[in-house]
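What follows is a pair of complexes built around subunit A, which joins subunit B in one and subunit C in the other.
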Partner chain A sequence: MKISSLVWVKTILLTAVAAAISLAQIQNQPDDGQWTMPAKNYASTRFSTAGEINVSNVKNLKLAWTFSTGLTRGHEAAPLVVNNTMYVVTPWPNTLYALDLTKPGAPAKWAYQPNPVPAAQGVACCDVVNRGAFYYNGKIYYNTLDAQTVAVDAATGKEIWKTKLGDINQGETITMAPIVVKGKVLVGDSGGEFGVRGWLAGVDADTGKIAWRAYTTGPDKDVLIGPNFKPFYASERGADLGVKTWQGDQWKIGGGTAWSWISYDPELDLIYYGTSNPGPWNADMRPGDNKWACTIFARRPETGEAIWAYQIFPHDDHDYDAVNENILLDLTINGRLRKVLAHPDRDGRMYIMDRATGEVISAEAFAFQNTTEYVDLKTGRIKIVESKTTGFKTTRDICPAPPGGKDWQPSAFSPRTGLIYIPHNNLCYEIQGVQANYIAGTPYVGANVKMYAGPGGNRGEFTAWDPVNAKAVWKIKEELPVWSGAVVTAGDVVFYGTMDGWFKALDARNGTPLWQFKLGSGTVGQPVVYKGPDGKEYIAILSGVGGWSGAVVSGGLNPAADGTAALGFGNAMADLGKFTTKGGMLYAFALP
Partner chain B sequence: MHSRSLSVLFLSALPLIGADVNVLRVCADPNNLPFSSRSGEGLENRLAELLAHRIGRSVAYTWWSERKNFIEQTLGEDRCDAVMSIPSSLDSAGTTRPYYHSTYVFVSRKDRDLRITSLADSRFSNWRIGIHVVGDDYAPPAYALAHRGLAANITGFSLFGAYGEPNPPARLLDAVASGDVDVAIVWGPLAGYFAARHNTRFDIAPVSPAVYLGVPFRYGISVGVRKGDEPLRQKLDQALDGACTSVQALLRSYGVPQVAEPEGGKACGPRPPSRAASS
Partner chain C sequence: MRSSAAIACCIFLVTSCQREKRDFRPAPSRVAVFGDAARESPLQPGGSQPAQVVSNPYDKSAYAISEGQRLFDWYNCSGCHAHGGGAIGPPLVKQDWVYGGQPENLFDTIVKGRPNGMPAWGGRIPEYQIWQIVAYVRSINHEEPVSATPARTDSIQPQPTLHSVVDGATK
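The block that comes next holds the complex of A and B.
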C-alpha cells in the first residue's frame, strides 16, 4: 500500500496539471514515455513524442522480448506501461498480467484473475475480446466479459473493488476499455445483438459505486437530457425523442450500446462517445429515427448530463454503429481555429465536428461507399441512397458492409504531419431472402447477410487523411481488413498490423513501407510506444487473431458450411485460415 | 425410467476429451423449458434418454445457452455429439428426419373469444400484438404484420428475458393473461406448454397462411449431429423410427401443437386429414 500511495500523490499532481493546460498543449507536450490509457491521451491521438526510432533507422528494428498469454481468442487490447511495468488484459477469462520491464525478458510479477462466468462466452456476439485497461491513481481499471468493472492495485495485483454493471442473463457483456475522468470510471455495455438497451455509466473510481447511468433510448430523464441540452441541429431538439422516434415500446429493446471509445476535453469538460446500431436488425420492424442509436453524445463526466447529441445515421439499416473513436483536435479550417472532433464512422465518412456545439464541418468518405450521397451541413441530415436500403427485400452491392468502412480499430493523429492514420475495411455485402435460424428452441428466419471484398478485391486499407481539406493523402491496400489499431510517433513512423500477421512501419509523411515483422498469429491489437527503464524507445503489440473479423479462425467457424457465420462476416473471411493460425503473444521491439 | 441419465456440469470451456463410446454427449440449455432444463424435466431431456437407451448409450450433458452460433460453439467445437432439436432446414448441422412439425400459433384469452385464424385479420390494426424477439430479429410473424404497416402495434418480448429466472419465454403469455397485449404469436411448443400450466385459459390456433412473403411459420424439427457424422445420424434415425410411438406420446405430454407433415414424410405423427386443412 505504501507504493500505491506514492503513485497516488504523483497522479493527483499530473491530473491537476492536465486540467490547467489546453488540449493543444496536451497534443504537443513531451510525454513521459508511459502509456497509461489505450488511446495514449484523453484527446485519443495515439501520438507518441518519442523520436529515437525514426524513418531512417526503423529498418533496424529488432524483436526485444515476447510474452505468451496462452489463449487463442482475439487479442484486441492495448498494453499499458506505467512505472516500468507493462499491464496486459487478455480476452476471456480477462486475466490481467503485470510484467516487470526492469528485468531481462520482462517476466510476469503477478496475474490477477477476475474469474468471469463461463456463460458469458455464449452471450458475446463477436468473439470474447477485451480492448484494454486504464491506469489512474495507482489502480488499473478494466471490464470483464460478464459485465463487471474491476479496480486492481497497480503495484500488488490485489483487487480493490469489483462492480457488476450489467446482467449477462439479459445479454449484456462488456468488451470496451474504460476511461477515468474526474474520479469517474466511464463504462458502456455491449450486446446490441441481444435486444438489450444501451447505456454508459459513471462509476466512482475509489469505491466502485455507480454514480450515474445514461441510457441511449427512452425518456429524457433516462437519457440524462435536461435543461442544458443544446444540440446544434433542430432534428435533435424536442422532448423525449428517445421514445417518440420509436413505435410503441420498441425503445425498450432498441440497442444503442456504448461498446467502444470515449474521449475527454478537460477545457470544455465534455466526454465524447458514440452509440451502436438500433435493434432489431430489420429496419422495417422499427419505423422512425430510432434515437439515440448511431449517435455521438457530448456529456459531463461527473454527472453524465447530456450537453449535445448528433445522430449520424437515423433509422440505421446497415448496422452502422457510431461507436468509433473521436479524436479531439484543434484545427484551422477556412482560416478559423476550430475545436473539432474527428470521427471516422462505420458509414465510411470522416465526420469533422465542432466539439463545443455538435456542428458538422465536413463529412467526406474515406472508404468506398454507396449507401449515402452526402451529409447536409445545414440540417445535419444524411442523404440516404434509397436503392441501397434494406428491409423486406433483397438488396445487393451495398457498401460498406455492416463492419463498416471502419470498425472499432482506432486511428492515430500526428501533429507533425497533420494527418489521421485510419486502419480500415473495404467490404460490401448483400442481404437477401431469409434463412432458417434457431435460438433458444425457437426456429425463425433472419436476414441472410453475405459480405465480400469491395472494389479492387482488397478487403482492407490503411488511409492517411487530411482532416482540414477533408481528403485522403495516401492509401495502402491490404488483402485482409486492417483490424488492428494504429500508432504514430515524432520519428514520423506510423505502425499497424494485419490479420495475416505482418506488423508494419510506414513513413507517416508518404506511406513508404520501411519495415515489417511477421507475428506468430494475425493481429487485431493496438500498438503502443514506451520508454523502457534503459531509456530506449519500444513498440509493443499483441498478436492473436480473432474479433468479429477473425472469428473464422479463432472461433473455429466453418464458413464453407455457413457463409453467414459470424453474422455474415464468415463469407468475407473464409480464407483467413490460409493466412494465419491463432494464439496470443505480446511482442516488444526496439533498436539494437 | 428407461435409463439413468448422467448429468455432468462442465465449468470448463474445453471440449470433452476421450469421448466414451458408451455415452451420447448432448448439448442442451440449462434453462429453456419446455425443451430442456438442468434438472432434466424438458422434452429434450426425455428424448435424449429415450434415444440414448435405444442406441445403448447413456446421456452426458454439456450445458450451453442456446444463443447465436449455438451449433458452431457446441457441435462445431466438439463439445457434444448431438443436440435434440433444431430446425430440419438448418444447414450448419447434420439432421435426422423431422420427428415433429409445428407452427407459430395465435394465443389469446379464451374469455375474449377472438377466434383468430389468419394474419390477414383486419382486427390486428386495433390490437396490441406480443411477439418474441429472438436475438437481433423478431420472430417470423412480425415480418408479415410489419408488411401490413402494423409495426407500431407490435410489442417485442425478449425470448431470453431475465435468463437468471425460470422460463423467460413465459412472460409473453403472462402479458396476454394480464391484457398488456391482446394477442401473442408464439412458437407452438412454447405456447402449448406454458398455456397448459397457466392460471388463465387461452385459445390457441395455428398461424395461417403457412408461408407469407417467403417467410415460413411451420418448421420440421430434427435431432442435430455434426455435419458428416453419418453413422450417428443413421443410428438416431433408426432410433426415432423404432421409438415413434413413444416420441409421439412424449410430444403430446408436453402439449406440442403438431401440424400435418409434408407428404412423403416418414414420421408416425398425424397425417394430413385432407388437402384443405392448411394453406
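The block that comes next holds the complex of A and C.
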C-alpha cells in the first residue's frame, strides 16, 4: 500500500514537473508578484509562485488592511495588483477604485465612475455583479452592467474610451472580466435568460473600435466559421449548423452568451471560451441541438475566426452553460504529452480536451450527477438519462441543478501538486416547464424551478482533482455552495471563501485545514496573491455576499413565501440570512 | 327570522355580484391615477392634505384577480418577481413597498416603471389588464377577499421541497 502510494506520488511529481515547464512556456509571463488579470495568467491557473506563506506558517496569517466599497450587492470581482496599486471593480454602479499599496492602509488614489444606467439592473439575471478587470499596456479594461467596455488610464483614472457593445432593451448586460490578447479586448455578453443572441467581440485596445463580433447562433458567416474550421467530431461539421439545429428563426433569440472566462494559448494562437445555455430554459420550446449554445470554441484572437468547436450539451435540458473556465495545461496522459484544456462543466463533469484539436480525452464527474451516463469519446456525444429530460412536464430529483456541479466560480491548478482545486456546488432540483413568451428585454425562461441540497445535505464542496487520472484526490464538504474562486501558491496553500464568510487556507496536498478568518459578509469573490512594496506576500479577497446563489440576501428576496425565487435558487438558500448579512469589503492578509 | 334571511341573501348577492363581475368589453382606456393620488411619501409639508381616492375597478373581483394571475406570467412579471418571492426584481409578497403598496401606487409602478430596473409598461399593457395585475399582486398579500382569490399555484407553496435522490449514477 505504502509503495503504491509512493509510486503514485512520484507520478504526480513527474507530471508536475512537465506541467511546470510547459506552463512557464505558455504563460510567457514571469511571476513578478503582480496580479494583472483575474485568472493570474492566460492559462488561467490562478497559481502564484509566491512561497513566503506556506503550510507551516499560514496559521499566523493576520489581517493587514481593509477597504469598504459601500455597496451591498454580490462582489464577484478579482482585485488586480499592478505597479503597487490595487484596482477594485465593484458591482453596479461598477466604480473602479485605485488603492495605493505604498501607503499604510492602502488609501484610495482615485475612483472612476462609468455611470452605467440604473435600469440595467432590471435585466441582470443573477444579481448586478462584475467579475473584474484586466491590465494591459498602462490601461485598465473592464465592462459595465449596461453593456459597455471602458479603457481607463491606470495611472490617473481618466477614461480613454468607452464603447457600447450591447443593448439593455434587448436584455443584454455584461458581467464578465475581459481579457486582452494581441491588442484586442475580448468581451462577451450576458442575457441567456432574456432571449438575447449571444456573442463574443474583439475590440481594438487602443481605439475602442469593434474589430469583430462572433455570434453563437446563426449562419456560419455570423459565427465566423470559415474554411479553417476543423472540429474534431463529425457532429460539429456541416454548413450553418447555428441555423439548422433550430426551428425557424428561434436562433435569433436563442441565447448562447459568452458571459464568463476566456483563456489563451500563445503557441497555438487560440483563445478558448464557452457559451451559455440556449433560451428559453423550457427545452420543448426549442427542438434540435441548438448550436452553438453550451459549446467550447477555439478562435483566433485577431479575427475571431473559429478553428474548432465542441458542443458539450446538445439541446440543453438543465441550463448547463458551458461557460466555466478552461485551464490550459500540458499533461502526460497515457504516456503521451498532451496539450489539454481542463474544463469543469456545469454538468458536473471535468472535460480534459486536446486544445489543439477539440478531442475529448476524459469527462469524468467531479460532482454528484444523474443527468448523463457518459461521454462517448468516439463521437463526442454525451449520453443523457432520458428520465431526467425536461420540457412541458414536471421532472424531479435532477442533479446537478441549473447552477451546475459548478458555476462560474473559478478553479486553480498547482503545477507542484498536479491538482485542480474546484470550488463547487452540490445541488439538485425539480422543474416544471411552462410557456415562455418572448418580449424583448424581459426574461425568456419558461420554467418553474426549485433547487435543494444534493446527497449528504451539504450544498457545497471543495474538490482537489487529478486531471491525469481523472479522479478526485480529496474533498471538503461545505454547508453552503462554494461560490468563491480558488487560488493556490508555491507554499502549497490553497485559499477559498464560503458564503457564510469564512476565508480558508488548506494544505494543497491533502486538504488539511490550516487557517480561517471570518469576513464581515459571505464571500463570492476571487482571492488573489501579490507581493507588496514591502516585499511581503499578501492574499486579498472581496467579501459581500450575492450573485445568483446569494440573491436571497443581497436582493432581499422572500423565499419563505415562494421557493421559485431567484430562478429556484431561493428554495435552496432560504436560510442564507441566518448565516450572513450583506456588505462589500476588501480584506488583505499577510504574515506579521 | 324571515327578514334576517332576506338581509343575508341581499348581502350575499351584493358581494357575490362584485366577486363575479366581469367586463366582457372593458371600458376604454382610463387615466385612472390623477395628480398626486399615488403619493409615495407620507410627509406633507404644511400639514396633511386630502388625497384623491383611487379605487381599482377590479377590486374584489375573482375573475379579474384570476386574469391578473394569468397575465402576471403572460407579461413575464414572474420572470423577474418569481411568484412573489422575487428574483431580478424585488419580492412582491412583503410589507415594505419602496414606491407604495396601494393599488394606485402599483398601477403607477407598472405604467411608469422605476429607475432601478422596473420597465415602463405604459402603452404596452392595456390599462384594464394593469388593474387586473394590480388586483392579483394585492391578492398574494392578502389584500383582496379570500373568496375572490384564486388558489395558489404549486410553485408558490412555501414549504421546502421534500426530496430523495434515489436513482443517481455518478460516473
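Note that in this section the second predicted complex is superposed on the first by the 548 of 592 C-alpha atoms of A that agree within 3 Å, B and C clash if a C-alpha of one lies under 4 Å from a C-alpha of the other, contacts with A are read in each partner's own complex, and residues count from 1 in each chain.
Assume a residue touches a chain if its C-beta (ideal position, glycine included) is under 8 Å from a C-beta of that chain, and two chains touch if they have at least 3 such contacts.
All values derive from a computational prediction rather than experimental measurement.
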| item | value |
| --- | --- |
| Partner chain(s) touched by A:Ala574 [first = subunit B, second = subunit C, both, neither] | second |
| Partner chain(s) touched by A:Pro455 [first = subunit B, second = subunit C, both, neither] | second |
| Which superposed partner A:Pro118 touches (first subunit B, second subunit C, both, neither) | both |
| First (subunit B), second (subunit C), both or neither touched by A:Asp397 | second |
| Contacts of A:Gly195 with subunit B and subunit C, given as first, second, both or neither | first |
| Touched partner set for A:Thr332, first subunit B, second subunit C, both or neither | neither |
| Which superposed partner A:Ile439 touches (first subunit B, second subunit C, both, neither) | both |
| Subunit B versus subunit C as contact partner of A:Tyr374, first or second or both or neither | second |
| Where subunit A meets both subunit C and subunit B, residue numbers | 118-119, 121-123, 125, 193, 434, 437, 439, 441-445, 555-558, 561-562, 565-567 |
| Residue numbers on subunit A that touch subunit C, as the complex places them | 118-125, 193, 364-365, 368-370, 372-374, 385, 387, 396-397, 399, 428, 430, 432, 434-435, 437, 439, 441-445, 448, 450, 452, 454-455, 551, 555-567, 570-571, 574 |
| Footprint of subunit A on subunit B - complex, ascending | 11-13, 29, 32, 34-36, 44, 64-73, 76-77, 85-87, 89-92, 128, 132-140, 142-143, 146-147, 151-156, 158-165, 169, 187, 189-190, 213-216, 219, 221, 227 |
| Subunit C residues within the subunit A interface of the complex | 73-76, 79-80, 82-91, 93-94, 113, 115-119, 154-161, 163-171 |
| Residues of subunit A that touch subunit B when the two form their complex | 118-119, 121-123, 125, 167, 169-171, 192-195, 247-250, 252-253, 279-282, 284-287, 392, 433-434, 436-447, 555-558, 561-562, 565-567 |
